[in-house]
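One chain, subunit A, links the two complexes that follow: it is found with subunit B in the first and with subunit C in the second.
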Partner chain A sequence: MVERQAVTRSLAAIPLLLIAAIVALVIFAAVTGPYDASLTQLQSSIGRYLSGAPASTPLDTVLFSVRLPRIFAALITGAALAAAGAVYQGLFRNPLVSPDILGVSAGAGLGAAFGIFLSLPVIAIQGFAFAAGLGTVALVYMVASAVRGHEPALVLVLAGVVIGALAGACLSLLKILADPYDQLPAITFWLLGSLAAIRPDDVWSALPAVLVGLVPILLLRWRMNVMSLGDEEAAALGVNPRTLRLILVMAATLITAAVVSIAGIIGWVGLVIPHIARLVVGPDFNRLLPTAMLMGAAYMLLIDIIAKGLTTTETPLGVLTAFIGAPVFIWLLAAGRRGWS
Partner chain B sequence: MSKHALDLARLAVACCALLLLTMAAPASARTVTDSAGRQVEIPAKVNRVFAAGPPAAILMYILAPDKMTGWPRAPHAYERPYIAEQYRDLPETGRLTGRGNTVNLERLLEARPDLIIDFGSVNDTYKSLADTVQAQTGIPYILIDGRFENTPAALRLVAEAIGVTERGDELAAYVEELFAEIDKGLAGIDDKDRPRVYMARGPNGLETGLKGSINTEIIERAGGINVADPGDASTRRGIVNVSPEQVIVANPDTIVTWDRTFFEAVWSDPLWANIDAVKHQRVYLAPSAPFGWIDRPPSVNRIIGLRWLPGLFFPARFQPDIREETRRFYKLFYHVDLDDAALDRLIEWSNGKP
Partner chain C sequence: MNLEVQDLAFGYPGFPVGSDVSFTLQPGEVLCLLGPNGCGKTTLFKTVMGLIRRQHGTVRLDGRDTAQMSTREIARAIAYVPQAHAPVFPYTVHDMVLMGRTAHRGAFAAPSPADHQAAETALAQLGISHLSARDYTRLSGGQRQLVLIARALAQGAPFIVLDEPTASLDFGNQLMVLDQVRALAGAHRGIIMSTHDPDHAFACGSRVIAMKDGRIHAQGPVRATLTADTLSAIYDVGVEVVELPGGRRVCLPAARAS
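Now for the complex of A and B:
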């Protein structure tokens, strides 16, 4: 009894620790960067901002139009990808599943590349990415529901792999057709993921979609535990697995597409973070979801700080997350996995 | 004799004839040393030349358009009026080098070129590609250094190889004269009086070429200083992504771009509002028809950009008559007599009204 209380208390401390880490990272990211500023300059800049005065110095622009939006975007992206990953891993009862499994990233990449190919403005490129990400998953769902008589979750994953490969092929075709001196580098940079070009508007366009997507996930967090038992058990416990899966997939897809459309394709976060969170707090989705989101936010911000500071130019996030994520993942596999119960 | 045997005999005769023809072809060959130091044997008379990529195609179009086998990609509708009529519809051949190989070697052979030319970076990758393709197809393949400073030499080397020496000399002289004119105009300028230039690429302007990359050479050649300078000489020189904060720190006083999306957005974008170049209206849009004025691709097309940029960078020292110079350049290099409407469109474009 005493032992159980101790465990509960230590689990309760984890979110607090993560929040403290995030606060520290946010402060660090806000005050460091290529633009040198003294503490007093920072103070007066923050003072001006709080008093509602318009940006008058370059530092104001740097702080409130460049650094803060980027920090928020990193937090939102990390939390969203981790939440989506946790949902997908629970739904498919497989720790090797990432938010890309149903083709949302492949679709978004294709949409963005098409926008770049047509030389559209940035906002339209993001819109294309968002719409194509959602559209791809919708297509996957339609294909999967047309194929009956198999394990539904398995068919869904297979359809995702197939449609994702198709989107990848279309993307390759676009790359070949694109101008190699102009559009091809832009497509490549987009596909590697970066928060370098984030502007305040991007945060405001992605945030509502992420919040809307999180609502059903939060409301259904208890039923997620039931879903991870498998369809038959879930049905026996009075849950309609088909409907629930559809709602959760829609929600997870919405938040993934929203962040991918502003940040580009960033792998590994949605795969590794929920996994680590499960190792730390166990498979109970009620506890897993907030832990994964906080971890994802902290991890993404940390990665972005490294991306800014590693060289004089920007390092793509997709490269860094893989460099750090892959060894961690191998270690996790070697250390043995924990079950779902 | 059965019918089959007769067919076989005919086939054998045909094969022998073909073999004799192939052996007879390089009757009077010459040897050319390309920029990679490769000794390449080429036929005495070169009538058809396959361009490995867009830079080589432009070089060929300028020197001897009648010898081209085609364009790496078909010209876009907006580029066509600036290409001489008889060459607008040459077949599309694909790219042999650069990023992504889209040439079918059979099609290359079908085009029956006497020579393959690549114009651009010279390194071991391209060298080995040239060797492989040459060995596989039996068509001589020369690799020419595409560096800006090398333009006159490249024009002369290729002109000699394909038998248009006079044309090569004429164009090389034009380029040398321009280089000399600019060197003279730039003499004695302190670094602090030179514009600090950022080349914005991509729809959000956050891609750029590092100092020393082939994509931004024109900035330095025209007397500017590229602000994207990593300092460290060992780092990779190419196209990179930068953050808005880095642009704000670098605070360039001049921005050049060819991206219309970026050019239209930059004036009202709060992130760029504090940049000196934007505050002082010194963001310049380079025309890109039929080829880019400052890059895209990095080939001889940049020479007209070099007429244009010094006047923007140093208005007190260079006052080129851009209208007249454009007309002359397009006539001399691109074989087109621009009518007033087409010329106006280019000049307006270079004034930021595409």
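Now for the complex of A and C:
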């Protein structure tokens, strides 16, 4: 008991450290860029905004219509992908699972590409991506429930892989048909993920879905532990695994689709971040989930800062997360497997 | 509270495993289930606990059909100790035992201090408090089995189902687990336990069911039921039951005429 309390106390400092890191990154991202600003300028600009005064300096405009929305989008994207990844890893009892496992990204990518192919406005492209992401997972779920007599979680994953591949094939077809000078680069860029074009409206359109999805995940986070023991044990412990899995998949899909529709497909975050969080605080979902979300938010913002500053043109986020995520992941595999057996 | 199973037929859709199983269990009793591999012991257990839909018959808790009860209500009445296994994630022993409290908390609730206390009490009862902060995945098979028994204890159910709790344990650990089973019955829990060793039924069973091909071959008090004839019939090999000085019985392979 004594030992356990000591462990709990030392773990309590981790969220505080992460929040401090996020605050530092937010301030850094807010003051750097084409209009470098000092902390005092930042302070007075925020003061003007809060008092409702009209934007009077270039910094005001840059800060509130470009930088802060982008910062905020990075934070919610990272937190949402990490939360969804943690949920799926627990639900499918596999630490190598990412939020894309049931085809949400593949579906969203197809939806967005279709919107670009039809030369629709941005808001419609986002809507298509969101709807197609949710629709793909719904289809996967229906296919999986039609197949009976096997381990339900396994069938779900297999259906996700198959239908995800199908969506990938349709996407390839669209790329062939798309205008190679205008539409094809837009599709490619979208598929690699970027926050460069984020406007305040995008944040407002994604935020409600993210919040709605996060509520059940946060509330059910202790039950996730029980779910990760498998259906039979979960049921013997008093949990209805089918209902709980449906709720959690719906919630995780909702938040993933919402952020993917504004930021494009950003891989690796949902795979690697829950993993690292598990190494730090252990597998108990009660602690794992908030830690993973904070880490995801900090990581995404850091990646976005690098994406802005690395070269004169914006580096796609999906490329950076892979360049950083892949070696980290290999190191995790090699260095110790404390996060899973 | 009593558990009453009547005319139970069990199996999977299109694949019947067993039928005509009836028995009752009171707290304080240890009902041992013996039978060859694949005779349907685990399927029977899962059906009794409502994890698999039954094909025919009834399972009643104090006269109430479990088909009318929620997963949570059943979990408060019957706890399950699966064969020792390793989960994917390395939960601490304390966290594993804490999960036994799930059925006592609302869907959105985290465990209360009382639940943490119940988990520690269960660990203390099994004499493994020192393992509390260890990773469950790093324990030996015998220790894992004790942790799962502690979890069932923390679940606070009057009935506990143990699926081959001594399987793949060394001799010392087997005896340790059997001691705990006896202690649980002494603490007024009703135990159903499957085992491959008839001696375990002699050691701690109050009643026994001998199964073959999904049906009950014989049922009753251990000494009267586990005869050489019964054991030979269910296992299809010659078996002798020997009474030791002092009255204990053990089971041996039949001596071969040479």
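FYI, the second predicted complex is superposed on the first by the 322 of 341 C-alpha atoms of A that agree within 3 Å, B and C clash if a C-alpha of one lies under 4 Å from a C-alpha of the other, contacts with A are read in each partner's own complex, and residues count from 1 in each chain.
We take it that a contact is a pair of C-beta atoms (placed from the backbone, for glycine too) under 8 Å apart; a residue touches a chain by one contact, two chains touch by 3 or more.
As the structure is a computational prediction, the values presented were derived from the model and not from experiment.
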Checklist entry - Given the superposition on subunit A, are subunit B and subunit C in a clash or a fit? => result fit
Checklist entry - Just subunit B (first), just subunit C (second), both, or neither: which does A:Asp182 touch? => result first
Next on the checklist: With both complexes overlaid on chain A, does A:Pro34 touch subunit B (first), subunit C (second), both or neither?
Outcome noted: first
Next on the checklist: Quick check on the superposed pair: does A:Met250 touch subunit B, subunit C, both, or neither? Answer first, second, both or neither.
Outcome noted: neither
Next on the checklist: Output check: A:Ser119 vs subunit B and subunit C. Expected answer is one of first, second, both, neither. What do you get?
Outcome noted: first
Next on the checklist: Just to be sure I read the superposition right, which of the two partners does A:Ile324 touch: subunit B = first, subunit C = second, or both, or neither?
Outcome noted: neither
Checklist entry - Of the partners subunit B and subunit C, which touch A:Ala131 in the superposed model: first, second, both, neither? => result neither
Checklist entry - With the two structures laid over each other on chain A, which partner does A:Leu229 touch: subunit B (first), subunit C (second), both, or neither? => result second
Checklist entry - Should A:Gly238 be classified as contacting the first partner (subunit B), the second (subunit C), both, or neither? => result second
Checklist entry - Once the two complexes are overlaid, how big is the angle at subunit A between subunit B and subunit C (Cα centres, nearest 10°)? => result 140
Checklist entry - Between subunit B and subunit C, what minimal C-alpha to C-alpha distance in angstrom results from the superposition? => result 41
Checklist entry - Tell me, which parts of subunit B touch subunit A in their complex? => result 53-54, 95, 98-100, 102, 201-204, 206-207, 210, 215, 228, 230-231, 235, 239-246, 248-249, 251, 258-261, 265, 269-271, 273-274, 292, 295-298
Checklist outcome for this item: Within their complex, subunit C touches subunit A through residues 12-13, 46, 49-51, 70-72, 74-76, 78-80, 82, 86-92, 94-95, 99-100, 102-103, 105, 107-111, 120, 132-133, 137, 155
Checklist entry - If you look only at subunit A, which of its residues touch subunit C in the complex? => result 1, 3-4, 7, 90, 93-95, 148-149, 219-223, 225-226, 228-230, 232-233, 235-240, 278, 282-284, 286, 338-341
Checklist outcome for this item: subunit A contacts subunit B in the complex at 33-36, 55, 57-58, 61-62, 65-67, 70, 116, 119-122, 125, 175-176, 179-182, 184-186, 189, 194, 196-197, 199, 308, 311-314, 316
